[in-house]
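In what comes next, subunit A is part of two complexes: it sits with subunit B in the first one and with subunit C in the second one.
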Partner chain A sequence: MLEGKKTATKPPVRKAPAALGETVKDNEVSRRSFFSWLSLGWIGFVASTGGFFTMMLRFFFPNVLFEPVQTFRAGYPDDYIIGEVDTKWKDKYGVWIIRNREGIYALSTVCTHLGCTPNWLASARKFKCPCHGSGFKSTGINFEGPAPRPLERYRIVLADDGEIIVDKTQKYQQEKGQWSDPEAFLRV
Partner chain B sequence: MDSFKEIVNYISNPTILFTTVVLVFPFIFPPSDWFEKWHRRLGLHHLWGTKFIVIAMLGMVAFFMYGLGDYNFQKIVLKPDNVPISGLIFLVAFFTWLAMNQAYKNDERLNAGEKPNEYFEAPNDKVLVWPDLVYVELISLIIASAFLLVWSIGLPAPIEEPANPTESPNPAKAPWYFLGLQEMLVYFDPWMAGVVIPSLILVGLMAIPYIDRNPENSGFFSYNRRRLAISVFMFGWLVLWLMLIIVGTFLRGPNWNIFGPFEYWDIHKLEALTNINVSEIIYIKWLNKGLPDSIIIREIWGISILLGYFLILPPLLAKTFLKDMYARLGSVRYSVFIVLILIAITLPIKMYLRWMFNLKYIIAIPEYFFNF
Partner chain C sequence: MAEQTKKSFLEKAAESQVWKSIFRGGGVPRNRRQRMMSVLNSVFLHLHPVRLPKHAVKLKFTWCMGGLSFFIFLILTISGILLMFYYRPTIEYAYTDIIDLAEQVPFGIMRELHRWGAHAMVITVWLHMFRVFMTGSYKPPREFNWTVGVILLLLTLMLSFTGYLLPWDQLAIWAITVGSNMARAAPFLGHEGPGASLLAIGDINFITMASDARFALIGGRFMGEAALLRFYVLHCIGLPFIIMIFMSIHFWRVRKDGGISTPV
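Then we have the complex of A and B:
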């Protein structure tokens, strides 16, 4: 670009090319020193960007991770009414606990379409996602909207004292046939 | 006047609105001789005359003024998030008209053997960057900044309660420019509508100059000589993108149900939207037996439909309707073009399949996150 401007004002003076290894006197940068400076520049550039990306990478591994509790006690089976969806653990743990005639199961509150939190519509007896309109029955089965698979269930067992323990680290997916696992459904 | 509101509510249901737009579109932006003939015969070329834009703008302003008297309409249109979309309706209408108006004027000039209007703005195909262009840009920049400043003070961002992963607002809407994608997500698997198709939209836009290498009409507005290209692009832009943004902004309410612009956003509105996959239609509805255990046997029908759509349809079209295009583009460019177009058309196809047959997915393999 700069060259172009210069040529516009006065024609360039052509010089005979310097012989190999011969230093060019009028601008003091020889071919060899040019390459040393260039490599120095590159090393500096790579080092600084590398350092910067190392810092960025370090940022992804925090010193302290505030993870919510993954296992919690959810009261006694008698706390849950047959045929009702209990939403009291939704805000704290992201779990719905539902009791039907045979037993109790814990559903994840994460929509299987894109991860929003559906709402339990008691009058229509369905979970309805506010993001793209996916609908789930109280069993967790997807029946309307775009959700491709049912809601996931969490491990649910009884403690020795008869209290329910919900373990969110273990999940059961219907499409993989995992709902028949004895710990995916608490018989009462 | 209530009956007017009810009519508007009724026709703004996407099934009716979208169908009407799709049917009318090729007559407004004719892609071929036949549509062009009817475009003229129906007098639709008057749409791009000066008289029409004045009437249309006044009509739209009148409609908005009337609507603002309605509580539900006012609430949705004046929500600070949605003001850009109200503006968008007017701006897009005006600028589409402006481009088409200039294109039609140029078409007439070209047909009469004259040079296009733009020729006289820059006779040797060059304008000066300084001062002409830089000046205009500087002034636009200052005006836009001032406008944004006033706007952000006048319509503050609606700050809601602190973020909570277990609580999604109802309805939960993406930023306005993503509402077209969100609308697409209603009909597709998140992996498809969230990742694959948006990437293909970008790739497709980048591919345009390589697919359409027709050098004709570069540098000025014209419709007639590039009507197929313009018509296809306008369909994607106006119908599949902007219209879906407008639908997502104004017509989607609680639980992502459809609400008319004058309809109360009732959280308890019930809509039966139960939907099923192709495999369920074939094995459960038609053959009256359970789904087979093998995924391949279960999904073979959907897979064949899709393979047919993407592998058999393109050569079939190349031999019949798109013969000229195939000859002009050659096999590579034709294949890229037709596959991109066919993917774009899956959106309206899937919308209609959902509306008409409650069809969820043609291929549904949730076990491996592949649903289409």
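Then we have the complex of A and C:
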């Protein structure tokens, strides 16, 4: 690079060839303007290549996702029996709805160990993960196996008509103290 | 060769126009120089060194593990292309198409060949790396080829990882669920990783569940159709294409670095 620059600016040591010695005509490209065009060309090339790679990167982040809806209506509070874990939304939405004496909450069915789906064992009254054996109480608190933290809860609110709405885009983690958030637990 | 009077069929064929047009330089090579030229002048032969030191063909030294890796790669390429004629990468069909391939399509062993071959290639590539290490063949002037080798290893593992999802059975879905969850914890690029929360302006986080490394990998926030399609394209086109480029560099450098290293 440096070498190139030197020869570009230094006056020619040898006797210049006839064509260079002459003054530049209007329609000819001088040595100096050739190099500025060259650098412009390079800048343009690098910019457009960089631009294209940026486009390529952005291409992998779609604006519209064709994923199952993340918010669903889960019926009325009276549909849920106090003290029971309801598994009817597990397959479709990945949510357990549990009602206790104070209210209703929605538990995520994603094991906090490595993401498998535990099963509700009604007789043992616990969630048991088939992958590595983590166990969770009906509250979602982990008590056995490798899971490092409790199951997550989803936002649960009442619609105007009194129906329950579960919103999976908003999650609450016990270890962050988020279970006390008013929308993490539906008082009924 | 002493019998100049009667030409063999091969010699006659070698003088024909067809032969000469295909094999540059023409003629049957008769001396060292001509033999060398015929290797250098053929696109297929020139990938191979013109001359080999005797020790280089000793199984004891190379275990032929690099050569075996490449051989298995070729088998995987051919059987993989065959599988593509039946396999559809959608949640609806993926699993049943694999069953169909294994049980109904003639020579369903093609699917087993691809699966077992994939396992075998991962093993041979590791063993190849092990032998290169044990023979000290990573030392100058071969440091660069070692680095290319590391890239080849990663590409092999990525091919294995992406291919594993395609049958869309329970094993596959959960393996990739767990595997891609690791990307959540990537520094800065994963939304649960260290430093990700620093990439924010005020309340607006740039690295979220819908914009992090895991999202780019599986094309969504949850394991599903988009992940299957992404892995399929990477497995069948993207990664093989890239690995072939690096393999060419790898083989070329083996030759340019003076052939297989010499045992001390």
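Quick notes on this structure:
What we mean here is this: the second predicted complex is superposed on the first by the 123 of 188 C-alpha atoms of A that agree within 3 Å, B and C clash if a C-alpha of one lies under 4 Å from a C-alpha of the other, contacts with A are read in each partner's own complex, and residues count from 1 in each chain.
In the analysis below, contacts are C-beta pairs under 8 Å (C-beta built on N, C-alpha and C of every residue); 3 or more make two chains touch, one makes a residue touch a chain.
All values reported here derive from a predicted model rather than from experimental measurement.
Legend: residue contacts after superposition of the two complexes on their common chain; A:P62 is shown touching subunit C, with no touch to subunit B. In the superposed model, A:C116 lies in contact with both subunit B and subunit C. In the superposed pair of complexes, A:C131 makes contact with subunit B and with subunit C alike.
Within the superposed three-chain arrangement, the count of touched residues of subunit A is higher for B, of the candidates subunit B and subunit C. After overlaying the two complexes on the shared chain, residue contacts for A:G145 are found with subunit B alone; subunit C is out of touch. Of the two partner chains, subunit B is the only one touched by A:K90; subunit C is not. In the superposition on chain A, contact is made by A:E175 with subunit B only, not with subunit C. Of the two partner chains, neither subunit B nor subunit C is touched by A:G44. Residues 114, 116, 131 of subunit A lie at the contact with subunit B in one complex and at the contact with subunit C in the other.
Chain contact summary for the complex, subunit B toward subunit A: residues 164-172, 182, 185-190, 194, 254-257, 268, 270, 272-275, 360-361, 364, 366-367, 369, 371.
Interface residues of subunit A facing subunit B in the complex, by the touch rule stated above, are 90-92, 94, 109, 113-114, 116-119, 121, 123-124, 128-133, 135, 143-146, 148-149, 175-176. Within the complex formed with subunit C, the residues of subunit A that make contact are 60-62, 65-68, 114-116, 131. Subunit C meets subunit A in the complex at residues 174, 177-178, 181, 210-211, 215-216, 219-222, 224-226.
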